[in-house]
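Below is one structure; the comments refer to it alone.
Chain nomenclature is as follows: A, B and C, assigned in order of appearance, with residue numbering initiated at 1 for each chain independently.
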Amino acid sequence: MRGITPWKVTVGLTAVALAAAGCTSTPEPEAPKNDGSFIISWSEPQNPLVPAGTSETQGGVVIDALFTGLTNYAAADAKTEMANAESITSADGGTTWTVKLKSGWKWHDGTPVTAKNYVDAWNYAAYSPNGLINGTFFGDIKGYSDVVSEDPDGPDKPQVAPKPAKDKLDGLKVVDDNTFEVTLGGPSNLWPIKVGYSAFMPLPDVFFKDPAAFGQKPIGNGPFKLDSWTKNVELKVTRNDDYQGTDKPKVKDVVFRVYTDDAAAYEDVKNGTIDFQQQVPSAKLVGDLYKTDFGADRSSNKPVSSSAFIALPTWLPGYNDPKVRQAISMAIDRKLIVEKIFNNTRIPMNGWVNPNMAGYKDGSCGEFCTFDAAKAKALYDSATTKPKEISIAYNGDASHKPWVDAVCNSIATALSVTCTGKPFPTFGEFRTLVTTQKMTGMSRAGWQADYPHIENWLNPLLKTGASSNDGKFSDAAFDAKLKEADGTADLAAAEKLYQDAEAMLPALMPTIPLWHSSQQTVWSAKLATVTINTFGELDLATVTVK
Amino acid sequence: MSSPEVATPTAEAAPMPVTPAVVESAPKKDKPRSLWTDAWYELRRKPLFVISAIMITIFVLMAAFPSLFSSVDPQAADLNRSLTPPDFGSWFQFGKQGQFGFDLQGKDIYARTIYGARASIVVGLSAVLGNMLLGGTFGILSGYLGGWTDTLLARFGDIFLGLPFVLGALVILSTFAPVQDSPSALRITSLVIMTFIALGWPSFARIMRAAVLSTKQLDYVHAAQALGARPGRVIFRHVLPNAIAPMVVVGTITLGGYIGAEATLSFLGVGLREPVVSWGIMIGDGRNYMETAPYIMAFPAAFLAIAVLSFVMLGDAVRDALDPKLR
Amino acid sequence: MGRYALRRLLQAIPVFIGTTFLIWFLVWGLPGDPFAGRCGERQCPPAYVQFMTDKFGLDDPLPVQYLNYLTNLLRGEFGQTFNGTEIGDLLAQAFPVSIKLALVAVAAEALIGITAGVLTGLRRGSFIDNLVLVSTLVLIATPIFVIGLVARYSLGLASVSPEAPLVELIIPGLILGSGSLAYITRLTRVNLVENRRADYVRTAVAKGLAPSRVTGVHLLRNSMIPVVTWLGLDLGSLMGGAIVTEGIFNIRGIGGLLFDSINRRQSGVVVSIVAILVLVYLIVNLIVDLLYGVLDPRIRYE
């Protein structure tokens, strides 16, 4: 008992640990403005960092920092603005587009950005044996069908896809170093809006020498260049001082740090270890905890371009009856669920299109998206065939359980049926069953806009055979209306036609709209002028650090 | 008889000599008694045993007849009363609701805690007993026989030790009880138990083996062997009673661990799920609401802690009673 | 003893092969296409699925896939993940962190657990005994995420920084070890209580040895066998199973990587991690087995 007591030792150790763990939270010496750095909570991307090979947001946010395409979406309203392109014009009403690039742009390795870099990148992405996720985005360019081949017996079977007829798109032509011409399969005025998506970004010549190595150490033309990437720990980008775009960053370094648990990231933003969390954990929404923790000046609550639906297996008896589908939709008390489960951080839907989209029209679903237990029951009872199983399948690896249970309870109570939530362990298993049509009941679905237009909410989701038409919904008249809209060159007239198509949906009830998402973001005291763009991401160009 | 007390650096061990005196005098009065009668005689007078036995009886009743404790349907959900805090005024009033508050879906937490006892206790107990049986047998065999038996069994166990719990559970449960088929509660429950046994037995085997290794060196075991006792008799009469203590300790504690681990499986979507209620599921559900609605998790967690405590105390008392050296 | 150790090391080879094959088989047996969930709500283009399936040889029969993996491993190549990362890099980053964390946890539980076990074992039935029993059981019954989160909130800790220095791992290690504290305490206590009546203890006391020496040298040493066994088992499981603690403190270790890779069907990562974990188990178990002989000289290995 002489000398140092065990108690003192423990206290000493704790103090050391605290000091060490907390050291990052002490303010750094006042960094000169324009030269600061900050840390963003992030998770490891799922694909190599190649623009047309990345479709998820974690890889996407880094791609956006490293690469700049022809156009950008304005942070405030997602309006298309020219970036690397000087102009994108069409002389023939939307079939042939001439793209002129701004001169003087350079890749991070010093070589100039040319029209050829775009044409090469697009050809590579579209050519199906290269297997890039976003290859399908080039589908409306002339000659696409020649560069893709389909596996005759599906990807899981022994036969392999034959080599496509060509390896270049017919519709792409380099005119000179700064000009190229794009010919589409048919007229489309949406095309200049679409090319802001990261799939359309260029690639430098060095990419084609070793695509695999490039994906680990990408060389871009964007406002930031890659500094270091410690796998599964953090990725650091640093400002590209030669950047020619108008969106020049005001900070020097941005670190993307990998977090497995969003609660840990939240705590770290709170104590100043890191500086930005795009979406706070759902536990912090209860009672608006995040607002108490961060105050109005360091948090934001913003509607984003994504929405939740329930997909219905329209091929099954019972579910093939629009009356049943309408009854189920009317049996869901969206308002109460949004209030109790989401603490009002969702917006109940009354249509099939997100409000952030050009062409959005309020209230297109009408009474069928309004809770009315009595009417729902009457409508359900009037249907001749009832579904064999009322269930909602979801992936258990994300926090869907609370709302699925609540929706099921709502349906069960209103229609006097049993409804069960079916949690599939992983998203992969869940999607496998959805895409192979093995669902025996309903399933959850969600959609995030690729580009801010009503078309992006109808064609990919509800057209016959569309890639994300989980319920295999099909209606000839609706398809015809979409086709008419697709072929209309005039942007305003096309928008009107898409709205007409959406107006047909309440009677058909192809999917059940639930609610639009909003995003609750928090940041540390270190960040100033924080702008969240319409995709919900931090606008890296305008952010400054104190 | 007094030397061990001298070894104790404090005088706290005073209560101990009392018990041996009682036991030593007791058997003389009657016919020769078996180990078990001795143990029972010993147990009845231990407050630790009496308390834990009463607690366990209550939990068993709760598991068997939950409606004795609550008349409320644990599945009745009313979103309007979501996250209502406990109403302490309604405690001890049968038929009332909300004693422990309501969860996110507006289900009565008291009713769910009562109904949750069945799945939790059944899963925990069966998994531990299964592990003790399987792991214990393997442990005795490899510890007592040694040589090639030991090598084979131990290396076989090593293969399972390295298996990540999550992976094993995912594969076993999604192969034999796929979500798609809406498996029955009985099927999921028994598979969850089997998963725990399949992945847990090597630890029990190693603990048992370690205890057997040191026990089989003891004089009375050598004596029994020298007298020509058959291996079965040596194992069951001499080695097992003296080597079982560490496994009982690990088993009773693991019981609580398994009830909690069952929640992990539910969290992954492969464990118990609605309409089955279990403490593990409730604790998992309450995770996000630790700050704003701690009662969702606190009540099932408290029941879990008390149940585990009762089983550990019981295990302790029974073990002490069975060990002749401690008298 | 040397021959025994050598034989045990040779036995590691079949165990290693058995485990890696079993894991490969299990990951292969997981339902769901590994690439179905990689395009968000959109159906992945068949061209992409085909390309990835070919690249990772997922079309090959199971034994072929396994043999390919094994031959690459012998050449020192772990392969790549779906996003092109070298698995070797991931392991080189994550394993040192996890080893440090697990060692801190095991040290903490050994230190606290054995001390508490000796205290309670010597004063069986006392207030201290019951207090320790109740508090270790409360630790067992409380889910580890509750302990972790409460510790983080109440101490206002930051996450462990990417380099994971040892000092920052002390508190996470304590939390990680807290779950096993009850086992160590109880195991120490029960063995101590049993051995207190053993002849050699009486002899030691009769010889007039100081009580501390009797307890420390004679009693404790002979009571350590199950405890050491448990600690050995724990070291491995704490390395691979620290998913929750790693998540709460954002420690970039093996547990989270393994969990994530299982969910993403990254068989290469899963098998590599487990292969190394099995080696850890084998070596630790061998050391534990050799320790038996040291702790109890009556146990001999031929």
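The rule is simple: a residue touches a chain if its C-beta (ideal position, glycine included) is under 8 Å from a C-beta of that chain, and two chains touch if they have at least 3 such contacts.
A quick note: this is a predicted structure, and the numbers were derived from the prediction, not measured.
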| item | value |
| --- | --- |
| Central subunit by CA centre of mass proxy | C |
| Of A-B and A-C, pair with higher C-beta contact tally | A-C |
| Interchain centroid distance [CA atoms averaged], subunit B/subunit C, Å | 22 |
| Distance between chain centroids, defined by C-alpha means - subunit A, subunit C (Å) | 38 |
| Intercentroid distance (Cα basis), subunit B paired with subunit A, Å | 47 |
| Shared-contact residues (touching 2 or more other chains) in subunit A | 395, 397, 424-425, 429, 433 |
| For subunit C, residues contacting two or more additional chains | 30-31, 149 |
| Sites on subunit B at which at least two other chains make contact | 170, 174, 287, 290 |
| Complex contact set, residues of subunit C against subunit A | 30-55, 59, 82-86, 89-90, 93-94, 149, 152-153, 155-162, 165, 167-168, 170-171, 246-250, 252, 256-257, 260, 263-265 |
| Touching residues on subunit B, where the partner in the complex is subunit A | 77, 79-80, 82-83, 104-106, 170, 174, 179-180, 182, 267-270, 273-274, 285, 287-293 |
| For the subunit A and subunit B complex, residues of the former touching the latter | 281-283, 286-287, 289, 333, 336-337, 340-341, 389, 391, 393, 395-397, 399, 401-402, 405-406, 409-410, 413, 420-425, 429, 433, 438, 440 |
| Subunit A residues within the subunit C interface of the complex | 13-14, 16-18, 20-22, 24-25, 44-48, 55-56, 59, 128-133, 135-136, 148-151, 154-156, 158, 160-161, 212, 215-216, 230-234, 257-261, 263-265, 267-268, 271, 273, 395, 397, 424-433, 435, 445-448, 460, 467-468, 470 |
| Touching residues on subunit B, where the partner in the complex is subunit C | 3-4, 6-10, 12-13, 15-16, 151, 154-155, 158-159, 161-168, 170-171, 174-175, 178, 203, 206-207, 210-211, 213-214, 217, 245-246, 249-250, 253, 256-257, 260, 263, 283, 287, 290, 297, 301, 304-305, 308-309, 312-313, 319, 323, 325-326 |
